[in-house]
Amino acid sequence: MLASPYEPVQPIHGQMTPERIAYLGPAGTFTEQALLTQTDLAGLEHVSLPTIQEVLEATDAGAVDVGFAAIENSIEGAVNATLDALAFELDLLIQREVIHPVEMCLLARNDTAIEQIERVVSFPHAAAQCHHYLAKTFGQVEIVAANSTADAARELSENGNGATAVIGTELAATTYGLQLLARHIEDHPENHTRFVAVAREGIPAPTGHDKTSIVTFQRADRPGSLVNILQEFSARSINLTHLQSRPTKRELGDYCFFIELEGHVADERVADCLKNVQAKQALVRFLGSYPAAGEQAETTRGEANEAWGDAERWIDEIRARIR
Amino acid sequence: MLASPYEPVQPIHGQMTPERIAYLGPAGTFTEQALLTQTDLAGLEHVSLPTIQEVLEATDAGAVDVGFAAIENSIEGAVNATLDALAFELDLLIQREVIHPVEMCLLARNDTAIEQIERVVSFPHAAAQCHHYLAKTFGQVEIVAANSTADAARELSENGNGATAVIGTELAATTYGLQLLARHIEDHPENHTRFVAVAREGIPAPTGHDKTSIVTFQRADRPGSLVNILQEFSARSINLTHLQSRPTKRELGDYCFFIELEGHVADERVADCLKNVQAKQALVRFLGSYPAAGEQAETTRGEANEAWGDAERWIDEIRARIR
Amino acid sequence: MLASPYEPVQPIHGQMTPERIAYLGPAGTFTEQALLTQTDLAGLEHVSLPTIQEVLEATDAGAVDVGFAAIENSIEGAVNATLDALAFELDLLIQREVIHPVEMCLLARNDTAIEQIERVVSFPHAAAQCHHYLAKTFGQVEIVAANSTADAARELSENGNGATAVIGTELAATTYGLQLLARHIEDHPENHTRFVAVAREGIPAPTGHDKTSIVTFQRADRPGSLVNILQEFSARSINLTHLQSRPTKRELGDYCFFIELEGHVADERVADCLKNVQAKQALVRFLGSYPAAGEQAETTRGEANEAWGDAERWIDEIRARIR
Amino acid sequence: MLASPYEPVQPIHGQMTPERIAYLGPAGTFTEQALLTQTDLAGLEHVSLPTIQEVLEATDAGAVDVGFAAIENSIEGAVNATLDALAFELDLLIQREVIHPVEMCLLARNDTAIEQIERVVSFPHAAAQCHHYLAKTFGQVEIVAANSTADAARELSENGNGATAVIGTELAATTYGLQLLARHIEDHPENHTRFVAVAREGIPAPTGHDKTSIVTFQRADRPGSLVNILQEFSARSINLTHLQSRPTKRELGDYCFFIELEGHVADERVADCLKNVQAKQALVRFLGSYPAAGEQAETTRGEANEAWGDAERWIDEIRARIR
């Protein structure tokens, strides 16, 4: 494994322009593919690192300006390496989320016909997610593990032979000069991964369509249960988009909660809510407020709906009567 | 009973100065006594009316600028005539609350010695609240009912004899030329009555030590239970000072809730709470925001305490990082 | 006022048959009228006492087996004398509730024609509740106070003249040999009063249509707010039929809550709820479980409805799989 | 990949003795190691299958009587393959949980000295979890992926050379005739995995120290939020040991919740709670009630503590007064 002998550069807060971005390598991963969908990030200098832990540590240390890492996969669930590093170890702020579909492709050398294939190499989870395609296409086939889908592609490109295919990204085909034998071979075409871009400083200004991520820890002196925490959100009509209990690793039975909510800490309602949770219920660690991926969702608290509009007018009329 | 042939006058909202105030008469009642503690109200033209209903209707009709009526007694509980008129019938706003101790006095003609007394006249509730004093002082004595304590005093002054005493206010002694045979003869010296001054328009500006009164009605299409309503207050750390379920008189089982809370509708937190209750839980009728009687209480949500101060600083530091 | 020199008798718990019942006198009150609707209670020896306090104290002391007192009027609200005695002072259990309509009648001597009447005597609240009838029938008429409607009737019978009418019960006409000049003269014909029969011992067995009354007091060491208490009921789908905050008289700001709920302490669900409130939230004072008045209401937790029936079957099927 | 041509055998419900158990193979996995800690399960015929999905499907199809699979790892988090199969696809009941520490060992052929090692083969997650040991021991070393730790060991045993080590279980050393070069080489010695044994039928009888697993789905017609669901548990003092939101895969924004709680569906309190959640809040899928692993924890609702004991006695005394 590599040590990370980066020279620190200026982090991106203030007016500074970020210059370098780290991601889980090697080239051709799903992570790089997702990163390339972001035109501003695509133009930075890319630093490929072998583990998520190193990507985030390099960002925390200032060796890069931005780190880019998966945080949740719709099949595999939370990426705990990312969550734990953000929650327990480093002091980084989420800048953006990117949701990217997981399209698996079958790649081979340019001289390979599909009938010749005797073994398929890939990251074990990726191979498992193409179970149906492999069974249908090959019946029995040898499945060989690699450290990542991109590793498999690179290895095939460098040392492979015509009896081997790999499962990987379309990007890896381009990167390593392989041909695309088949696309969309995954069992679950709806599978997608959520990535986050993190930095040492700066909370993006609110866009009107934002998310906020926090972790809450029970306070020893204030047993405040989850239901009390959730009531703070519920009473303010703040929608949660993700909730997960997780042991804090301090000791058995010591839990924290990862919570993602709609809204931005710049919103009075969100700020007041977090303040109340912090003061009354639990320690809160703030992981960031950032633009939500995807199209503009339903407005959070139904500002558009009739009952809410009526209530707004009602309270405004009352307050107009204050002398 | 009197009809109320008042000429309407200008209500007090805007810069208008109120000129007339109605109260439950006759002169010498506890209500008048409480009213006289308020120097600005004491200087208005006083209109004595025979029932609370008429006091409030005269205010609603514009015949007087301010109505003054009891709303709660610490022994007898809520004064439903006042609550119901404010909640169901009229459109008035509470301007002020006045909390006044209920001091019962024994009054008699100037030529009466206490040994001569054979009967005590008063409003039945007042006599009941002096049970111990009467038993100790007189053993057996005839208790005679009057329509009010002030009525009893006036009648004694006009037509009474030396064998009669009345239970009433110190003010009634002055008003009707009677002597004070004894003060503080009530069984419960801590007994007090809360009065409200109401007007057709205007919400007093916040003082930092205010109360807000509302009534909530279940919506047919949104069964929102009390617990949901209370969570709105609880989540925002808004203290309730009074809560009472009450049938709406529409039909059996149809309930509303009288709620009094600390804070002013000018406070964002209170306004947001009322707006949410109105939009999500129940119809809300606003009865007023007004200065709370009594000394400055503990600050509502513990703004002064350490946890809250820490939480304020914490959220401020986070928001300072927004680009 | 009378002292109460009763010889204690055996209270009604166990197999003992109650023999004596106390009520708010004199004969002819609404309380006696309601009592007479209960055939078993009507057959006991009746003891008329001058105040609610004495009725309840006589029961507590064992001077009578049953006490009968108003606890709530749909116009006047809670009868705090009864509530406070049950909650703070005595150790009595509610045995039954009786809901009785408040029908006001105009009574006069047999030789009186309605045109002759110059004054109307009654308890002040009763006169106030016949405001519309009196105004329409008499225009201006002198209203004279009495200590109770029954006192007014008795006094008219003994000493009255042909220019006087009283407002009282139909029972008072019979009791005191008066004629019924008019019935249903009350402004609010839907007005009714709820009475309770109390005893020193015994909780009536559940009937399937019961109520339970409690008072909850905040514990100094466990600030448990009302919302937490109500969640205990809400989570168990226990309906509340009455809720009222009330100062405890110990000091300002010290509140308790009168709560009435559907169900019987013999129900596991109610017992578990009360146990949890007692253990976690607040001191609970148990005032009784007793048959609810009125026709069988909607079943409490929607046992009849489809979702609940489905859930019952679902859990039964699961539990049938336990080895 | 293997098809699974099992002959169905009789499932274990009723008095039937289970005969066959499936687990994630090949021999020598952590799963087999955990399974062998259970003496009754260790004695069954073991069926090793290549994926968790196949283990659970074989159980559902009756090809084996018991399936054994990881459900949660303290570092990697929930094993979504297991959770999703139980929640969405199959109809299996959890019979038992087994918590097993994740001890990583460095294995090599018997003729290998540690200085000779040039490459380390393992499942990628296992290698990642030994990052510190590998860096300290080898500095730079080639990391090669395998489909599982046991696959790596088997391959080394069959085809490996003296320059290769594998990371795997102590069991794999025995199974494949390798030597144990080092034990406890994992970065996080507190890491453990929770496994479940599942079957088609039967809920183990309560032991007094049980857990219950459910999944809740929002009902389209009853938006019941998580906070309402949690209040059902909170009000009954039912502790949750795990909570996780998860997309249902039906569509974006459609969430379910995995919930584990202390207690058994045979407990009235748990049954009543689940019934209420099912009737009022959300569709509930029952995944099982089973003995909790580990020593007897703190009693769930503080039955031992003083307040609860007092409350128990208090309610018992009240109920003793029922006639």
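Every chain is named by a letter (A, B, C and D) in the order it is written, and numbering of its residues begins at 1.
Throughout what follows, contacts are C-beta pairs under 8 Å (C-beta built on N, C-alpha and C of every residue); 3 or more make two chains touch, one makes a residue touch a chain.
Source: prediction; values computed, not measured.
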Worksheet, complete the sentence: Note: chains that touch chain C and chain D both are none
Worksheet entry | Chain centre separation (chain B, chain D; CA means) in Å | 63
Discussion item. Please tell me the distance, in whole Å, between the geometric centres of chain A and chain D computed from their C-alpha atoms.
Written reply: 25
Fill in: chain B: positions in contact with at least two other chains
231, 234
Worksheet item: Which two-chain combinations touch?
Response: A-B, A-D, B-C, C-D
Worksheet item: How about chain C: which of its residues touch chain D in the complex?
Response: 13, 93, 201-206, 231-232, 234-237, 265-266, 268-269, 271-272, 274-276, 278-280, 284, 286, 289, 302, 307-308, 310-312, 314-315, 318-319, 321-323
Worksheet item: In the complex of these two chains, what residues of chain C are touching chain B?
Response: 1, 51, 53, 74-78, 80, 123-124, 127-128, 131, 134-135, 140, 143-148, 151, 188, 190, 225-227, 230-231, 233-234, 240, 242-247, 249, 252, 257, 297
